[in-house]
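Pasting the structures in now, so scroll down.
In what follows, chain A forms one complex with chain B and a second complex with chain C.
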Partner chain A sequence: MSSEVLQAPLVLEYPFTRSTGPVIGAFLTGLRDGVICGIRRADGTVLCPPQEYDPLTAEPLTELVEVGQAGEVVTWAWNGDPRPMQPFDRPFAWALIRLDGADTSMLHAVFAPSAAEMSTGMRVRVVWRTEREGHIADIAGFEPIPAVETA
Partner chain B sequence: MSADRPEARDPLAAPAALSAPVTLPEALAGAEPVESVCTPIRMAYTYTPGRALSRYLRAMADKRILGERCGATGQVFVPPRGVSPLAGAATSEVVELADTGYVESFNITRVPIERRPDLKPPYCSAWIVLDGASVGFLGLVINLAPEEVRIGMRVRAVWKPDEELETSAANILGWEPTGEPDEVITDYERIGRIEASDP
Partner chain C sequence: MIDVAVVAFTQRQEAAISGESEVEFMVPLMEQAKASVGLTQSDMGFTCSGSSDFLAGQAFSFVMTIDGTGPVPPISESHVEQDGAWALYEAWVKIQCGGIDTAFVYGYGKSSPGSVRDVLATQMDPYYVCPLWPDSYAIEALAARLMLEGGHVSESRLAEIAARSRASAASNPHAVRTDPKSVAEILAEDYVIDPLRPSDLPAEADGGCAVVLATGDRARELCERPAWIRGMDHRGDAHTLGVRDLTSSASARLAAHHAGVAGDKIDLAELYGPFTTSEHLLIEALGLDEDSTAVNPSGGALAAHTMMASGLIRIGEAASRIWRGDGDRAVAHATSGPCLQQNMVCVLEGD
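Moving on, here comes the complex of A and B:
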């Protein structure tokens, strides 16, 4: 009997389509149209990405507002070995990004040349995909804003 | 807890509205709303079978079906995992099984599965108990209209042509009726189950 170890590719795949509801739907509508939406809480603070209910009071939230397309890195982790279907085929940073006009941060990719170029508090701006359909991947990622532009 | 934190609602109380009307920023006035999103989940593995399944898959290349017997209860499991799930012990003996058996239970699928164009609805998936096995396993009933499939029906494996055989369970294309008299099943509650005292 052969001593060669048997192996075979095995792919588990679930092609879900989910309905969005009015709040997430508005967020995705915005992404398709190149607009980033947050949602305003009763105290005036803005959650981005928007949530359907207030995380502290559980009250429904309804007032979607446009936020900026640049913001600051709140925290980040370097991904030195990207896997298929991740946002970038070269090393990049996963980061929590607080957009201008928002009080919470959203997870996305930052296309920095190396981890040495990443820092907490750095300014980044959105990079849109050309073809957009209403999906978080309509944002290709974020790119660092050179210091000369932010100064 | 900070002093300015608002008082939390009773988490068990229903929200005031499940789908309140929302207001959109000016930039989205009149935009066609997105109402659904495709969020596929995909996990790509390299699968490596253990020793028992490797024996089973190598035998498949010779159109043979191997089960393994539990030394404690005498039960024969197929496909073999190397252990007896009821006795919690390693199986002690490799057993060659016939490629015939009977349909213990079945299901007819009438909805297509994306990316499985090989499965053309309606088709019949069946729980097939091989002669000499103590448990069933999943297979397709083929060469018969799904409406004709019945519990107890005798079936035999339909193998791929010899030149296409691999170390794969896909060597069995499906199971077709033998035309023999049906297996007599008297206790429907036992279907799909096995107990420590079963032979």
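Moving on, here comes the complex of A and C:
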């Protein structure tokens, strides 16, 4: 029996489009316009990024609110060896970021020069892409706010 | 409730199984499991499998593996796009519905043709998270820092878990990462993604496993000391990382409560913790005392992480230790999703 391994090309396709709906759609449209939205939960707290249903209670959510474009790093991990398709081709930090006016955090990249420049609780602000299309990557990432500006 | 026991188990795990398709390596495993208790496919009241078409890169790939069971005459079967542990859960529920006294369960995955670390980004939120392609190590590293900085765990505790896994895996022929390392050696490793070191990460593997379940007297006929399933429950946390407390596992705690883990002493625990951080959280959530419970005597998923099978392998590892008399009461755990999002807990006992 031959030990040759048969090979053939396989292209995975997703050949249809989906609507993003009234909440995720509003968030993505907001990004295109340079605005970041959250959504208010029954207890008054703000979920950002917004969801159509409360992830804990499953209640439908409808009250979209604008949140800030700066916030706090809740946790981070230094990505010294960025992988293809990630937000930055140089080392960067992944972080969960709680934006001002929001009570939950979102995942994105922080462009810091080294792990030594990263700390939990540090302030960061959004870096917008110039060409925006209503996609999470309209946010290029976040940059540290120098302490002198924060003070 | 109908008494159900695990009576047969086979597994294969290797760093990469090249040159064999999933069906090719599963057929002998499935045959061996059935033959070990003198059964054939036509004896099985129900058959259920767990695998991922997405991982296989082919729609309905699992149907070819069903063909591999020898389903002639036609069989009653089902499939879950989940770890085989969830297939076992479905089979257990099916048995509780009555009318059958045996079931055949298997799970398998072959992730070596791609980079599973990156592929797992696709299980995240498709609008907010997946397009950024955060790999599974990065996601766990975010939880790890919260745990470390919050004082929930120390780096030396994580290194102890890694060292124990390596030491236990040395006697497991199916483990992939078996070279022993001391805590000091592990702490001297460079970070892969700060704050996680190589020994904190799962040793990825290809492979699968097969299990036979049987009820009451049928189980006693087939197995000298059946491993009875005394409690089983599965629960999930929110998909959104930002709304969860990543320093504990609420769903694992709830599943352990409903499975009855706290009812009596636990001699051994097989936990599906892909990372040292996840194993630490599971020991806490299940309320295990490492002085009286042998945790992951197989080395666990750190020593061999086979997508879609590692959970069912935990059940098989725990059951086979009960057959051998290594313990009387065991807990097996399976997980799925980022940062222990979904958890299943199964309590097994010998007579």
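Rule of thumb we're sticking to: the second predicted complex is superposed on the first by the 134 of 151 C-alpha atoms of A that agree within 3 Å, B and C clash if a C-alpha of one lies under 4 Å from a C-alpha of the other, contacts with A are read in each partner's own complex, and residues count from 1 in each chain.
Here, contacts are C-beta pairs under 8 Å (C-beta built on N, C-alpha and C of every residue); 3 or more make two chains touch, one makes a residue touch a chain.
This is a predicted model, so every value here is computed, not measured.
Engineer: Is A:L28 in contact with chain B, with chain C, with both, or with neither (first, second, both, neither)?
Structural biologist: A:L28 sits against chain B and chain C alike.
Engineer: If you stack the two complexes on chain A, which partner ends up touching A:W78: first (chain B), second (chain C), both, or neither?
Structural biologist: A:W78: touches chain C, not chain B.
Engineer: Regarding the shared-chain residue A:L96, is it in contact with chain B (first), chain C (second), both, or neither?
Structural biologist: Second partner only.
Engineer: Going by the contact rule set out at the top, does A:L47 touch chain B (first), chain C (second), both, or neither?
Structural biologist: second
Engineer: With the two complexes superposed on chain A, say which partner A:L12 touches: chain B (first), chain C (second), both, or neither.
Structural biologist: both
Engineer: Of the partners chain B and chain C, which touch A:L56 in the superposed model: first, second, both, neither?
Structural biologist: both
Engineer: Taking the superposition as given, does A:H135 touch the first partner, chain B, the second, chain C, both, or neither?
Structural biologist: Touch partners of A:H135: chain B and chain C.
Engineer: Show which residues of chain A both chain B and chain C reach, each in its own complex.
Structural biologist: Dual-contact residues (chain A): 5, 10, 12, 20, 24, 28, 56, 84-85, 135.
Engineer: With touch defined as at the start, can you tell me which chain C residues reach chain A in the complex?
Structural biologist: Against chain A, the touching part of chain C is residues 18-19, 57-58, 118, 127-129, 131-135, 138-139, 141-146, 149, 191, 193-196, 238-243, 246.
Engineer: Mind pulling up the chain A residues that touch chain B in the complex?
Structural biologist: By the definition above, chain A touches chain B via 1-2, 5-26, 28-30, 32-33, 35, 37, 42-43, 53, 56-66, 84-85, 134-135.
Engineer: Can you list the residues on chain B that touch chain A in the complex?
Structural biologist: Interface residues on chain B, with respect to chain A: 5-9, 11, 15-28, 31-49, 54-55, 57-58, 114-115, 167-168.
Engineer: Spell out the part of chain A that touches chain C in their complex, as residue ranges.
Structural biologist: Residue positions touching the partner: 3, 5, 10, 12, 20, 24, 28, 47-49, 51, 55-56, 74-81, 83-87, 94-96, 98, 104-109, 115, 120, 135-137.
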